[in-house]
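Below are structures written as structure tokens.
Shared between the two complexes below is chain A, which has chain B as its partner in the first and chain C in the second.
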Partner chain A sequence: MTFIPKPKISHPSLPRNELGLTRREYEGALSTLCAGCGHDSITAGIIEACWGISIRPENLVKLSGIGCSSKTTAYFVSGGHGFNSVHGRMPSIAMGANAANRELYYIGISGDGDSLSIGLGQFCHAIRRNVNMLYIIENNGVYGLTKGQFSASADIGTKAKKGEVNQQPPIDPVLLAMNLGAGFVARSFSGDKAQLVPLIQAGLKYPGFALIDVLSPCVTFNDHEGSTKSYAFTRENYEPVVEADFVPKQREITTEYPEGEATSVLLHDGSRVVLRKLAADYDPTDAHASYDYVQQHIAQGEYLTGLLHCRPTTATEFHALNRTPDQPLNQLPFSALNPGARQLEKLMARYR
Partner chain B sequence: MGTDDRINDFAIKIATVNGTGSASANTLLMKSIFRSGIPVMGKNYFPSNIQGLPTWYEIRVSKDGYVARSGKVDIMVCMNAETYARDVREVAAGGYLIYDSTWPRPALLKRDDVTVIGVPLARMCNEHFKGVRTRILMKNICYAGVLAALLDLDLERIRELLAETYAKKPALVDSNMQAIQLGYDYAREHFSCPLPLRVARMDKTGGHIMIDGNTAAALGCVYAGATVAAWYPITPSTSLMDAFKSFADKLRIDPQTGKANFAFIQAEDELAAIGMVLGANWNGARSFTATSGPGVSLMGEFLGLGYYAELPAVLFDVQRVGPSTGMPTRTQQCDLLAAAYASHGDTKHVCLYPANPEECFYMAVQAFDLAERLQTPVLVLLDLDIGMNDWMCRDLKWDDSYQPDRGKVLGKEDLEKIDKFYRYLDKDEDGITYRTFPGVHPKGAYFTRGSGHTQLGTYTEDSAEYQLVLDRLLRKFATAKRHMPKPVIEGTGTAKAAIVSIGSCDGAVHEALDVLKGRGVQLDYMRIRAFPFGEEVEKFLADHEVLYVVEQNRDAQLRSLLTLESRVGKSKLRSLLHYSGLPVSSKFIVDGVLADLGEGRRAVAGVVS
Partner chain C sequence: MTSTDTSHPDYFHKVVDCQWACPAHTDVPEYIRLIAQGQFTEAYLVNRHSNVFPGILGRVCDRPCEPACRRGRVEEKPVAICRLKRVAADHKDEYRDRLPPVPTQKNGKKIACIGAGCASLTVANDLMPLGYEVTIFEQFATAGGLMRTNIPSFRLPAAVLDEEIGTIVDMGVDLRLGQRIDSLRALLEEGGFDAVFVGSGAPKGKELNIPGRSEAAANVHIGIAWLESIAFEHVQSVGKNVLIIGVGNTAMDCCRSALRLGAQSVKVMARKPRQFFKASEWELEDAEAESVEIVINRSPKSFVLEGGRLKGMMFEVLEYDLDARGRIVAERMTGEEFYPADDVILAIGQENAFPWIERDLGIEFDKWDVPKVDPATFESTRPGVFFGGDAAFGPKNIIWSVEHGHQAAISIHLRCLDKPVTERPPRGMNLQSRKMGMHEWSYANDYSMTERKLVPHVSLKERFKKINIEVELGFTAEQAAEEVQRCLNCDVQTVFEAKLCIECDACIDICPVDCLTMTPAGPEEELRTRLKAPANNVTQALYVSAPLKFTERVMVKDEDVCVHCGLCAERCPTAAWDMQKSWVKWPHAADQTV
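After this line comes the complex of A and B, so read on.
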């Protein structure tokens, strides 16, 4: 695998966003994943989402661990700052980076192996710390990069390519995240760009930890019959229940929503996430109700998709709890950090 | 003054049970001696336990300013029945034994070469104080009173110290003082006070403080401008982070807004702690962690990423006894190799080796400068002895003209001027490349990875491209040698033999050198302060025929590092290895050198007589 730069020639008629940038300027290096890999569709969704809400490329920090999924940070927004760290430890890098500069957009890309096995601890603790970041798990039920071993998200009864049947219960990142108090929890499917793009936009704008678990079939190791993470199975068994629309601050809500079906969650910058419920008996803004609803459906073999839970958690966001200043820590002048010689002299009295 | 008088030159060891308040009694004794102007050392040998296990405290009073263990105990205070037998054995002939005579202790009668001083501490405290807990605590304060009488300590000084300690609870000053007085009066009534071993005022502690290395290092982090601290608790490093937090809570709160100009993160484990530190440094904040051996092991993978992706980071390794969990509350220098080569692959790290708390402060600041200048993790190796014991050292000083060395960072204006930025291109040919921070300028974007990369910052599996970067990292390490703190070299420079040592051995080596000189053995001395080793280290090694390498581990790790990373011949290096878990004593070094020299081989050391 080598680095394949894409020619960046944009046609003058290509649409431009508020920054005057075209979609091409949100692309990255050419993907080296298998043709048809779900991860590439997610990459396309991220490009579309970032372009759509006019994120300055240099303000986007792209973090990942190790895996096919984690490679994709190189395939979008080449003008952003990428950090491909070590297996399962991306959340800690994200935490440190975010602590240093609260003003940037942080997007973490991980796999089900990266987040639910080796990195389960860091994943959980990033949620507990409510790090302001969008965390996407590109979930294919296998370790793609090491050639198809079951991951911790593999369902009971799912079959490996060579016929082995998984007997261990799966870890569902959506239920886990809700359980740990995440305020923005979504599930989607790599093949549903219309659902995915607004979710990514809302997740990037959400002021706290936002999780999107995206079913992303591995065409090479887990797309056969008997797999519960194949394209065919996903199309059949995944059910959208709450669609999200992201509405930027300046814009009016123009779409007409039928009575009782739409709730909107106001974000700190004045933008809004409008939740369109496709099921009337479900309140996605209530943490307990969301959890019960999703869990009951899983028990019946139904996988709900969409923004399954969204509530404001600004008060518990990392910087809010730590009372850090609005100015990023990495930009404070040295004079604000160094107490000076006289202060040291005074301190010495304590040690005599 | 009698002929046997030994003023300001003796060691006291106090055996107690942990969790019984003996720590305050011991600190009180040590500080009152310090405030009388007499150089003093205090070392705590405590168990990895919260309550109920044996603990010892050693106080050495040294008019000559020796800050290490002498290896000899002149006065033993036996407050722990469980360790009685061995404590009694440890007192030097002609020494003193103080015990609680509330209960008879037939075993102690076996030593008739020491003076036995029985004080009914428990009985007196039971008569004077109420409540089980108070009685236990006061019993310990009471022995401090006994010692005050025996050693001729100034009671006013003790009261003054108590008043400072309990400024917010004045009632405790009186009850503590009462306990002191009980012991004091009993001793004066029943024994001839003071003893020939005693203290007398000096003026040798002016401009000095008593501080532990963890506190000093934490203060260094505050002064260096560190803003992100991430850690996972582990003895003996925890107090470094606690100290940082408490300094930052006072010194780093914006007076106008009440906001905290720092982030303090208790991570879920050491992997996460170092990950956070790397992430924060990558993003332009000075960030650090503190840990001990087990944590360093866990941080290995990330440290390799830091080395290869060239991320600054500062890590304090407060070494404790290994292998494995080892003895968490005992001291060793056993991570020298693990730190230098932490992580798989061709990885090596810049290490600093402070010898005392004073150096911890300055080296902490230097560590941040080096980490950013060299864009690599810097490991500062303290040990439990430096980190957790109070050492007498010179006042810490700050130069307000200091500006942090952020190294080669391209800012907005720099990026504006250049055509294209390549993260790993060696423009200055010193092995150090330029970096940028996110959000500064569109031209500053690059991709950080621990996988194979080219000098342009792109992914590669091409051998030549890969090697180009790997070889440049070696050049960077060569550049690093020029930035490292130089070794401290002492002696006449004419001796054929020398001691080479590191870190907390320094105090014991200094005393040993004096003792050896007194016995006609003149040795030079080099204390190594950093890895990679520079030319000064090479020269010193080359200039001596025999080099005694004094270090506190079993496997001669410093010697190994020297043979691997300098030109010195292995056969010249003779090891003196101390790894009991207690700080090395001067006696150990003296005995080791003399045993090796033997009578016939003294010529090597350039013996005068």
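After this line comes the complex of A and C, so read on.
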């Protein structure tokens, strides 16, 4: 953190997006996280991404649970809506909010503790229900807020700051999400914004549940030698296999990709996610193939990064599956929201 | 683009735009911080070390520092550097006991200075503490040169001049007032001096030879001579209608003086449009605030007389064509116009004049009949004879003369030590961390959004009552306290240690002005196109680090609009960034290693 707030002054020729806003207008409150925390970089990535695709700040909903990661929703897009929920229960809140208003962008920020320990059940059901949201796990392998105990994502053999070695197998959120049928599964690194920003943009635009597991080193409790989630270890061992570009509807795909290297996934609003495969034997659109590929490489100790799996799941998206009305509830007339006592009587009669 | 060599003394010096732009390299941010802490005497001494006359310059400096000020690029207006200098001068305590002592045992070398203006006084100021015996010859009965004769007392009170000149004279300078040098030969041959410094200024105002000039002589005055006559109270009145020809800073002093001598209508006649005016913007503003009218596109044609007395002037009305870059490509006359005038003041420039220097002394003169002077050593072609101030390269400003004086003093010292004058003492740069704790710095790093403060002036009703009422009142304590916080502390440098960086992006994310980028190395021109924010100001350096250890990328910092808030260093988990005060070592004669 810093002692002074970021000065309001900005670069005099800062670029503006389609709404006429600069990046600075997507910032939030002053971060109180440790200096050098990966989470702050992810926050900066979210700011850049939201600015880049010109999301109206008031159309963004920020949700979180408890933990260092969950504090970060305060640090971006202060003009958005926010809800800081009970530990591990962010998916329920997101589900409810999303059910009530389907026109907003939902971004859930969680950590490896919030999602993989106390909130693991909630996390699984959000995937299963295919809630239309971007779910970011800021994954650092430790409980930073309680001074650095191993979390459920700590790798076997990783060392804690005081020297203990972790023996228990980790829960990998990427494999878990693929297993549960998620249609948008990505892994990235807080120190690689060139990769992270398009992923966030694609995830926000993806109609359905989008997961990005972001390796985000804990600079205070997990950035030492022997840690498998330090800046140094991640830099050495992460390997991008699929690069994603988000191409908005208005823009044509102008970049030329060599034959067989790129494939694109069309989103409901006409925008596209272009996937560039960096490994020839990898098909990120095939659910089974990508699961196997990622699992094999984890066994070899490699962090594959990029948009590891992407396929359209529009048909099973929560609102489609439940045939909810097209409008948000706050736009429906009172009579439609509350059909009255007589209709209730009728309904009740069916269960008698 | 290879990694930036920040050990070169110029790199960090250039980042301190004001200090780089100041001919005397005054450590501006340092004295502004001292003012902020209420240490006015210390602030005065920091100034005096470089510019010798803080009280004078705090009122009348041409302030090359202010257009350069980084604050002017971040927002609209630069820090009021010049007027803060005056704050230090106005509120200082006794300081003379803190100046370098002047030895009673002299070194046996005698130096003559011609003209008691700012250049000669600076030479004396630098050489007296080294044991030299300095004699200054001055034609008038008072010291100060053009500072006293040409700058009206309503801008620069005599008391301020007396005090700062007195400090130097009281070092034991042999000041010979009323003693005009009419022959350099006589001085060189009979004076017994080891070196002579010519600081006689550019005392000759330019003439305007158009019809009617000689007939109207009684009411046509040369600007600088006229101002001099006012200073010595030889002129105490002027006609009702006054025309000033020319639109430089002398013209501004002339028109404002005319108002104080009783003129009712004063017009400044300019040949070209406003963007070509030579006067500083603030001097124009001050004159216009006093209802002086500035008439553009008028070229003097003739003086018009009636009954042998000046009645007015005829002007050609001009029109200009400008190109895309605003330069004049064509001019034409569209008519003529008459302006009535009782007195006309010519303020169209001034020149050096050296009728008193014999041309066979080994001092070469160039085709414009001015002596050839080395721009680094200030020595003429005759060893031991030096020139400085306006006498060296024509009219400039006080602050330039001061720096000429410093450099000439170094040369004189070298000459007297029998060392080559071209071997200048080395420049240097020291850095000192400002870190006090986790997130604490020994400077106020928070950005103040305050806008530039305006110096209060004496009311228009009061100021014309006497010619020597100083118009500017100086900042109030409250204004000064806010204005000092506008300084960005550009001298507290962002110093980067590439080998400590873990490439976490924290500094890049927090930088309020987006001046940092981590990117693959490349040539500067191309590198400028892929930074986080546009880096179009090529006059400002790009800092490029050594390759970073994980990715071989480089850290690039565009110095242009960095506000030196230190957040990069606060957010850095490994202290790869640090905030360090740069001390520019700009040598003076006393720094010469003997």
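Everything that follows uses one rule, which is that the second predicted complex is superposed on the first by the 327 of 352 C-alpha atoms of A that agree within 3 Å, B and C clash if a C-alpha of one lies under 4 Å from a C-alpha of the other, contacts with A are read in each partner's own complex, and residues count from 1 in each chain.
The criterion applied here is as follows: contacts are C-beta pairs under 8 Å (C-beta built on N, C-alpha and C of every residue); 3 or more make two chains touch, one makes a residue touch a chain.
Everything quoted here is computed from the prediction, not taken from an experiment.
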First (chain B), second (chain C), both or neither touched by A:Ile156: neither
First (chain B), second (chain C), both or neither touched by A:Asn101: first
Partner chain(s) touched by A:Leu19 [first = chain B, second = chain C, both, neither]: neither
Which superposed partner A:Thr43 touches (first chain B, second chain C, both, neither): second
Which of chain B and chain C A:Val219 touches, first, second, both or neither: second
Partner touching more residues of chain A, whether chain B or chain C: B
Residues on chain A lying within both footprints (that of chain B and that of chain C): 1-3
Chain B-facing residues of chain A, complex: 1-3, 29, 56-59, 61, 73-74, 78-86, 89, 91-101, 103-104, 121-122, 124-125, 129, 318-319, 322-326, 329-330, 332, 334, 336-341, 343-345, 347-348, 351-352
Of chain C, residues touching chain A in the complex: 73-75, 439-440, 445-447, 449, 502-506, 508-510, 512-515, 533-534, 536, 550-551, 561, 563, 565, 567, 570-574
Footprint of chain A on chain B - complex, ascending: 34-35, 209-211, 219, 222-223, 225-228, 230, 251-252, 254, 257-265, 267-269, 271-285, 287, 301-302, 305, 395-400, 402-404, 437-442, 444-451, 454, 458-462
Contact footprint of chain C on chain A as seen in their complex: 1-4, 6-15, 23-24, 34-38, 40-41, 43-44, 190-191, 193, 217, 219, 223, 231-232, 235-236
